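For reference, the structures are reproduced in the following blocks.
Look for chain A in each of the two complexes below; its partner is chain B in the first and chain C in the second.
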Partner chain A sequence: MDRFGFTISKGRQIDWEANNRDVVDFIIEREPSLKSCIECGGCSATCTTGNFTSFSLREINILLKRGENELVRNKIRKCMLCGKCSLVCPRGVNTRNVVFLAKQAFQKLDNHAV
Partner chain B sequence: MQFDPFVIPFNLGLYFILIYAVTRSVIWFMELSRPDKLRLQRGFFGKPFGQSLKEIFLESLIHRKILKANPRLGYMHMSLAFGWFLLILLGTLEADIFGEHHLNAPYKAIFFRFFNPDHGKTPFEAGYSFMMDLILAFILSGLLLAVIKRFSSKAVGMKKTTHLKILDKVALTSLWLIFPSRLIAESLTSGAYGTGSFLTGTLGSWLASFMPANEVAYPFWWLYSLSLGTFFVLLPLTRYLHIPTELFLIFMRNSGIRTGDKAGTYSEVEVHSCSSCGICIDSCQLSFSAGINNIQSTYLMKSIRNNEDIYDIAHNCLLCGRCDQACPVGIEISPIRMIARRAGQSENKYTNTWKGYFRSKQNITVSKQNITIPKQAVKAAYDFLPESNPAKADVLYFAGCMTHLTPSIKNAMVRILDASGLNWSFIDENGGACCGRPLMLSGQDKEARELINFNSQIIWKSGAHTLVTSCPICYKVFKESYYLDVEVLHHSQFIKNIIEDGSVKMNFLNKRVTYHTPCELGRNSGVYDEPKDVIRHVASLELTGYEDKNSLCCGGSLGNIKLSQVNKRKIASDVAIELTKQNPDYITTACPLCKKTLAPVTKSKVVDISELVAEAIIMPVSLKKNPQKSKRSVGESVISR
Partner chain C sequence: MDKHIVVIGGGTAGMEAAGQLALAGFAVSLIEKEKDTGGHLNDWYKLFPDRRNSSEVKDYLDKKVSSKSIRILTETYIEKLNSNKDGFLLFTQDGTELKADAIVVATGFDLFKSSRKEEYGYGIYNNVITSKDLEKMFRKGKITMTDGNEPKTVGFVHCVGSRDEKVGNFYCSKLCCVTAVKQAIEVREHLPESKVFCFYMDMRMGGAYYEELYREAQEVWRVNFIRGKVSEASESINDKLVVKVEDTLAGRPLKIELDMIVLMAGMEMSEGGKKIAEQAGLQTGENRFFSPADHHYANNISDKKGIFYAGTCTAPMNITETISHARSAVSEVINYFNDKA
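On to the complex of A and B.
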């Protein structure tokens, strides 16, 4: 039977109950400027690591806010902390500290300390 | 036998502190690494010994550095330290010469007047008493300044004074009580016997005219002894431990021992040598521009001493090195901060104050017991970096991340390198890896090492003999943490070289410029003169009063991971005001990050020295006629915002 290429797409809603916002709360408590991120992607555009890989701080910020921590865990280690993103950020987010705190939060999660 | 029960507190305190000092020194010596032990032995029995004694006299007693920087504050410290020293020395001699025996117990010298109230009748004795009174007056004048400083630090020329913990305050009070109680006790005793010189004699005879001087004197002798005893017993728990520790520090430093990368005896001695004088607070831009007053070096040292969590203090710092320069004790503050950063978050370990007497050497070391190494950490973090095959060249140019954000500097450097006629290659023309310094600054040395290895490979493979970088942050790490067989030059040094050997010809631009010294290039790497020499070749340089070691930080430093953009801007604005006072045509600097930070906060144009040079450079005819010969096309004017 011809199905014209249409399928029923999978559910894409975010289940806030199941997602763990511990990491992003940990970061926002210590670096409140993350709240003013408008996800413009300026950080990703200038990123040194982004030059080699698909690493994107914008993506990481979104994933963290959604609480999809496991997707971030390995990605975040690619950041070189060079600081270009914090210089281009139009909202003055201290992006270096966001990455630094995220790394720290994952280390604490591993030690069950958050 | 001359004895009175009131000397007991003093004796207890004195013998306690002497035994403590010997034990502490032995423990510290034992904890030194083997090479450092040998260094110290050689230093102690060799040439540096005399130098150390000289330094102890000039710095620990006279406080020469503070006197130079701030005469009033220096006088305060000198009168207390040098005055007290003279009082003890001459007091001991006095007891030796005029007392009933030679070689007396220390308390007989300290309480000499009590045991020899008749002393001072003959002219020689009176002369000696006069000298002792003069010293006491000298100390009391300094004490008066110290009391005033507690209430109004501006009176002694300081903007801020250090906040103290309770025990420090108790010790401070007992220290303050020592000299007035001595004055009153001596005066009353002298008054009763009609002795004493201009200070004690006059005050004594006046007091004796309306009260029973001898009876009233006794409680003051008790007070004098008690305050001395209290001070000695509290000394190891408070900032006053710096008095004995600084001597140890001077010997160690002159023997060639340095802080290094790990916490050890030397860093511990440094931490205890901090007298909390607060001079670092005044030099700190976070204090006077951004209004952050709880993270300065004196508080770092205090928190390490008290085993508090130093995580925030360690990270909230520009690492500009201004306090390192200002510290009169010569403590290497930035290396200690870096040790603290590498250690990561620590717990507040001791809650019991009295345990401070038995410090363990766990001081700034990592509390690793609860950190398990995650599985991913075994894997390299930057394994995505590609295999590189750089072109062979004599000179390599590494722009660095920050230079890629300021393309005008990159273009200017391309123009200059082309004009120099050297066989050069641009390593990170299409964006390279970071140099590793930002990771190091946040205490992640292991990750930084991966980037260092990656960049080192490129440099090795290219076979170059010189590496030029535009960014002082990269310059510092290439110079210090890469093990390379190439000459590392900052572009200011490189440009100076090619100008002076005649490789390039310059016009003189008719511009007045001021120069902002980048921290990483100046104080942290010691390159002060080359950028200014380059500027003098092409423009007229105006001095701002913040030259070289006294230069300001632009506020954009990668050293501070916690500082908000608002505060960075505040610092940058203050710096821009200082740099534009003479209304220059350009503000020049030698760092892309400084340029990027200063440009938004001032109306003056901020340019890098390479842009200035590129505008002034006369391109060789071969390149002018045949621009294809040059690998890149370069615009005529490179200075543009």
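On to the complex of A and C.
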């Protein structure tokens, strides 16, 4: 019976109150330009990693802002820190530094390298 | 010149048109259904994008209509409108007869009645208010919930009654986005500890210095912008307002509890305008606003000779556009009499 196949689906809903936004606050304190992001996706369009994997910096930005930190933690490993995204951003966000600081934030929270 | 022009509607467009007509040498009667002239300006505290006091614009308009060739008739509306070969004959509700050589229709807009979007709970839940209600609070200098406390979280719902087939309004009211951004900033100024959210379908910041205001809202005031149409608001067990929205940029549904919801009511053809359209047999468009002879180059001209349009009775406009539109209506009136002569 224990292998009958029923599972409980995890809800997909973003629960604003349940999430915490420590990571994004950590980044914004050090890289305030992230506040100006309008989710245009220019960074993702130019991203080499994004052309070969599901990595998207635009998605990372929105997940950070919503406090979906667990998802970001794994996704962010794919970034090669080439910085091409910073060159196209129309709002002048230092996107490369955002990734860098996100890694730092997780490292601090987890006490080991991300 | 001994021509007499009747301007119907004493808001921004009507006042500007009346003032310009007087400057051009016409005798003018300005008809206003309310106690005071000024229209929606009287309901707004500060104006986007520079957040100047609306009374400054009102003062300018008051000065403009202070000419002795303008007669202002407040608490007056038109009951009947006849045209003949000499011009027009208008009858007000108290039977006063007004002869006019030309008419400028400046009947403006009405704010969308937010209770029509029942799912947002206006008039059902406490602390669901409209953009206009919030302006009243700004004027008082106090933003409070029904229990007298200050809200800690405030959400702005864009596109209430705009871009919504369900209420029969396909069009964009165009000013609500920038109004929401302005009001979001003002809430943050009043309540520095508050968290503010804007739920939008698209940010339509197409005006001088609108985008800059949007950017200020993000950078200085940390307003949270969430792209998605709010599907419904409900009340939680602890008396909070629960909003459900698809966070379209995250591609996931989002749930949030708020203390206050502000509905950004759109603009609709005014009831007064509809009455005039019927009385004078004027053509209206699919959006129910007056339909000018040509949207590109005859935007002030109606389908009836001698009747002209000024301002938001033809489409949503901001104050700058309204004033320009009223002035161009006056130049069409001048052309009309020059052609006739």
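Just so it is clear, the second predicted complex is superposed on the first by the 97 of 114 C-alpha atoms of A that agree within 3 Å, B and C clash if a C-alpha of one lies under 4 Å from a C-alpha of the other, contacts with A are read in each partner's own complex, and residues count from 1 in each chain.
Keep this in mind: contacts are C-beta pairs under 8 Å (C-beta built on N, C-alpha and C of every residue); 3 or more make two chains touch, one makes a residue touch a chain.
Since we're looking at a predicted model, the values are computed, not measured.
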Check chain A with both chain B and chain C modelled on it and let me know: fit or clash.
fit
So in the superposed three-chain picture, is A:Ser36 touching just chain B, just chain C, both, or none of them (first/second/both/neither)?
second
The chain contacting more residues of chain A, comparing chain B with chain C, is B
Is A:Phe100 in contact with chain B, with chain C, with both, or with neither (first, second, both, neither)?
first
First (chain B), second (chain C), both or neither touched by A:Asn20:
neither
Once chain A of both complexes is superposed, is A:Leu63 in touch with chain B (first), chain C (second), both, or neither?
second
After lining up the shared chain so the two structures overlap, which partner does A:Arg12 touch, if you call chain B first and chain C second: first, second, both or neither?
second
Rounded to the nearest Å, state the minimum C-alpha distance from chain B to chain C in the superposed three-chain model.
14
Mind listing the chain B positions that touch chain A in their complex?
345, 370-372, 374, 376, 381-382, 384-386, 401-402, 404-405, 430-434, 436, 438-439, 442, 444, 447, 451, 556, 558, 561-566, 593, 596
For chain A, which residues count as touching chain C in their complex?
12-17, 32, 35-36, 38-39, 58-59, 62-63, 65-66, 68, 91
Which stretch or stretches of chain A touch chain B in the complex?
31, 33, 46, 48-49, 51-53, 73-74, 77-78, 80-84, 86-89, 92-94, 96-97, 100, 104, 106-107, 110-111, 113
Seen from chain C, its contact residues with chain A in the complex are 203, 215, 218-219, 222, 224-225, 227, 247, 249-250, 252-257
